[in-house]
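Paired with subunit B in one complex and with subunit C in the other, subunit A is shared by the two complexes that follow.
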Partner chain A sequence: MATRSRFPALPRWVTDRRFIGLLVLAVVIVLPAFIGHSGILMRVLCLIFINALLALGLMVITGYTGMLNMGHAAFYGIGAYIAAVLALRFHQPFLTCLVASGAGAGLAGLIIAIPCLKVGSDFLSLITIAFAELFQTVVLNWMDVTRGPMGLPGIPNIVIANVTFDNYYRLYYLFLAIAVVIYVGLSNIVNSRIGRSLKAIRDDEICARAQGIDVRYYKVLAFVLGTIPAGIAGALIAFLVQFVGAATFNLDASLILMNMVILGGLGSLPGALIGAAFFVGFTELIRFLNIYRIGVGGVIMVLLMLFRPQGIMGSRAFAGVGGFENVIRRWWQKRHSSPRTRPAKTAGP
Partner chain B sequence: MGQSLQYFFQQLLNGLSIGSIYAMIAVGYSMVYSILYMINFAHGDIYIFGTFIAFALWKAGLPIPAVVVLACLAGALVGLVVERTVYRPVRFANRIVPMITALGVAMVLRTISQVIWGAETLPFLQLIPNTTISIGGLRIFSQQVLVVGTSLVCMVAFTLIIEKTKLGKATQCIMQDINLSRIMGIQVDTIIPLIYGLGGFMGVVGGILFASYYNAISINLGLLGTLKAWAAAMLGGVGSFYSPFLGGLILGVAEAMAGAYLGPAYKDAVGYLVIVAVLLFRPTGLFGKPRIEKV
Partner chain C sequence: MTMDPILEAKEVCQYFGGVHAVEGLSLQVHSGEIYGIIGPNGSGKSTFFNALTGIYRPSSGRFILDGKDITGLEPHVIVRHGITRTFQNLRTFASMTVLENVIIGQHVQQKVGLVDALFRTPRFSAEEKACRERALETLNLVGLSALVDHLASEMSYGQQKRLEMARVLAGGARVLLLDEPTAGIPFADATELMKLIRRIRDERGTTIIVIEHSMQVMTALADRMMAMDRGRKIAEGIPKDVLQDPAVIVAYLGEE
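Moving on to the complex of A and B:
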């Protein structure tokens, strides 16, 4: 299924897409060398990796399986709180926290997936929102463990095999390594039989069932696959910021994650990465606009959806009819064609 | 009447008042949803924008009836404009596309409100003087009578519009099949904006009652309103006109009871638990008709 590369000198496994991916990876690896001593910029890049993990997970749930998960930030929060409590209370090493966060969020995903099996897509998004709100309520009121609105400060630095990750450069490469592992893993999964089943469910559930796909099993699987990276991202944010508070994981955060995935392009893992990088980077770029920032972001979201409804990397087929693309094309043809070649009365879309 | 029973009825009354406000906001939301199956994230911000306009008009010194009517018309106008500019171009695109444009519009409206009126909570006008009526030990506030009464009147008017007028019949046709309605000569592109406008109108009525009931207005009520409207619409189910109304009432009562007996911190959580519980047993909402999928 992999097409032959355009560069015959390269080994066989380097297809065009993988070539671009490796190129991007190479750029990302050498990037810190050009940034110099800007701590803030390195921190933003670390945040991009964390958000990329979240977006990758949500892409599996929403982009590949078509389930509108509007409570993704709650799984992120579960991961963060598990990591923080394990590190602060039980003095566990980072890797234990990371595994526990991923497992905890995955377990939560498994539990949430079960009521979600019964309902259609919009009711599903309401259930996930309800779950996220319940998570907020529990976190804000379970004083013994989460310290409620005060949050959990003082999470120690990451230590792996006697190496302390106490500066952004080390964290950057650690986060990059984790992101690459998860990306490659998810990419293999979505390009396998599992991924094709998920896409079939997204495109037509009844048809998928008729093809012999176990819809219930694959929906639960998608939820688990999508929430594990969210839990891992939670552990990373806990150790990066060294503080965990409930406000990081509210509904706004879930909506922003949904935005990343949709603007990046549903059904495309690179789209999730681009969406995350775009959103985090863009938020920092227009920070100087102060209170106009959210409005400018809204205008850009609207314009992007009107002119490119499928998102940056998504496929046109998924977006359906609509958007201004056809309007612009028709206007362009009208202006740049002589009356003789102008098509007579084109049929509507 | 026993002390605890009296407390119960008092809370029931509070719940009914807040529930009928939710219902007002949910009705417009549910109308649009049942036609286009669109998750309208801008609904809450449209109604709170209209409520802010009411606030500005009140500050400008207009009499209260004029304030209410003008603000509701302004809300309807905002709904119309938003439909025309950002929903119609992507109406037949994947459902997720208008959802995101709605979210974008919500962010723009929120920013406009914030720039003009600031992010703080502001005191809102009192529609009628605050008095209490006592019936058998039960204290009823004049505000509660106003809220429940207005929403009942609006619901009856709304039902009459949908059931009796040509606009309402056209709307019902569009709900069944939008393309077939177009073939039958229904002006789909006129009816749908009108429904958005009607939703905005009802939303602002609800918003003014809400702000007047709590004597406060803030831009943060926008997203909250969207969520409550959505929750009420889904709880009631899609397919009939009274279902979002009943859904709003049930949500309001559930929240008031949770706030009274478990503590205010658990108010929202219990509301959502009720929704999840209902959806587990009735996946299409309490009064919803299942949407038949054809292959």
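Moving on to the complex of A and C:
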């Protein structure tokens, strides 16, 4: 594709997306050799992989299709609780829990998508918030199954084919592998007619219909594609922390996921990864600020809206009239068109 | 150009509460014809297009496309039956490139599904390539080749109008509905656009229904035309006759 390179000085292949992607992957693969000694760092990276799944799913629903899902953490929670109950009560192995979590969350996504079909984006976000609250209420009160506020502790280690994943190295590579598979799967799906249809629905639903796009089908598909990874992430966190509790999957968690997606840039899967890595990493880095750390996320989002509203990898079309580039450009133009600095010229070229 | 009507409207009425936007409209468009619709603002032309393409469900009446009753079907289903349209107030997909916009226009012609996309089967790659090529050809036709990777939102009005044109052309439908294609663009571009429209009809046998304000454009373009006023058809025939019809003149210029 004859795209204009933003960095003409460098050879084309260096800035090619796939090259950068493979480079990042290579770094991530060898990383444990350098930081494997630190349990904290390995754990943070596992959390990044889990949040990456969440952000990727939400990116498909909100970033690509434009449906404001403000309750994504509920699907995360559904996956987590399904995994926990299957593991603790029915003694199911990890892989069974993984599949069931993904399927369960996907089914929930399918069910929620249906009332969302008929409403505009503002009411849609209310439906998702209502669902998230419903999830919290069910979990906190269904004592027999979820033990309510006490949560479900004692989830066993992951065991696959007689191999026990009881150290961070194994967990790291397992989570990485799952994240890569899901990333490639989602990437293949959105870089096709399906992805184009979703973006079309986001940009102009009426025009999308006029191209023959079955908007209802694609909206439901987007929800399912987005909630399956969330369910899988839930299974992973259940086995990583070996405990599930309702507080992890509250509205706050949903908001943070939304922030990841916005920071990364709507409509960009790599952006979802960047958003997840940033927010998880940042949360850990600022722990030392103690109580002052609470507002930092908000400050970051405000700065983002001022200087780069489209997010890091988002389309310029979302930048509006704000954004760093526009601010600088306008200042530059003003400076260079003032009568004092305009040189006297006779004829132009 | 054959004589069988490819599209028929039978006594179509579109009411919005007390507002009779379209009243008892009947017409027949023949295959391969360029059929014009003219009328003052608010006469119901775009509403008629909206009713035809399923954006509104007609209050009464029928639309028959090639013998099939398409009245009140969902918009995306009607597209599948072979009608595509442009919009009066320009609708493009702002965040996507020019090329992607035109590729989307071919949505109904693509057959590959989720599984093919997921596993990147050869069928998938072949189809994507074919769509890209058809999109590039069409963009060449409308003169936007240089802007292929630009964002749709960053283009001028005239360029976006050409983009919409490319989008409907790439779709390859049998019937094109063009809603004021020359509105707001300079005369030279309008002439070029008219030549393109005629060329499409001549080369592909596409039936084209055009809403226009400009009588010049209509005379040059349409084989037959109809004039509307206040939701009703007030004249029909070849452009020369319709534009001299007293009822049409009254509608546009008022009574003496």
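Everything that follows uses one rule, which is that the second predicted complex is superposed on the first by the 312 of 349 C-alpha atoms of A that agree within 3 Å, B and C clash if a C-alpha of one lies under 4 Å from a C-alpha of the other, contacts with A are read in each partner's own complex, and residues count from 1 in each chain.
We take it that a contact is a pair of C-beta atoms (placed from the backbone, for glycine too) under 8 Å apart; a residue touches a chain by one contact, two chains touch by 3 or more.
It should be emphasised that the depicted structure is a prediction, and the values quoted were computed from it without experimental measurement.
In the superposition on chain A, contact of A:251 is made with subunit B only, not with subunit C. In the superposed model, A:315 makes contact with subunit C only, not with subunit B. When the two structures are aligned on the shared chain, A:149 is found in touch with neither subunit B nor subunit C.
Looking at the shared chain after the overlay, A:214 reaches subunit C, while subunit B stays out of its contact range.
By the touch criterion defined above, A:259 reaches subunit B but does not reach subunit C.
In the superposed model, A:119 lies in contact with subunit B only, and not with subunit C. In the superposed pair of complexes, A:39 makes contact with neither subunit B nor subunit C.
By the document's definition of touching, of the two partners only subunit C reaches A:197; subunit B does not. Judged by the touch definition given at the top, the superposed model places A:206 against both subunit B and subunit C. Overlaid on A, the two complexes show subunit B and subunit C touching the same residues of subunit A, namely 204, 206-207, 210, 318. The touching residues of subunit C, counted against subunit A in their complex, run 53-55, 74-76, 79-80, 84-85, 87, 91-96, 100, 103-105, 107-108, 110, 112, 114, 117-120, 124, 128, 148-149, 151-154, 167, 171. Residues 68, 115, 118-120, 122-123, 125-127, 129-131, 133-134, 137-138, 140-141, 204, 206-207, 210, 251-252, 255, 259, 262-263, 266, 291-302, 305-306, 309, 318-324, 327 of subunit A are the ones that touch subunit B when the two sit in their complex.
The touching residues of subunit A, when paired with subunit C in their complex, are 1-4, 185, 188-189, 191-194, 196-197, 199-200, 202-204, 206-215, 221, 267, 315-318.
Within the complex formed with subunit A, the subunit B residues making contact are 33, 37, 39, 41, 86, 89-94, 96-97, 100-101, 103-108, 110-112, 114-115, 119, 223, 227, 230-231, 234, 265-266, 268-269, 272-273, 275-276, 279-280, 283-285, 291, 293, 295.
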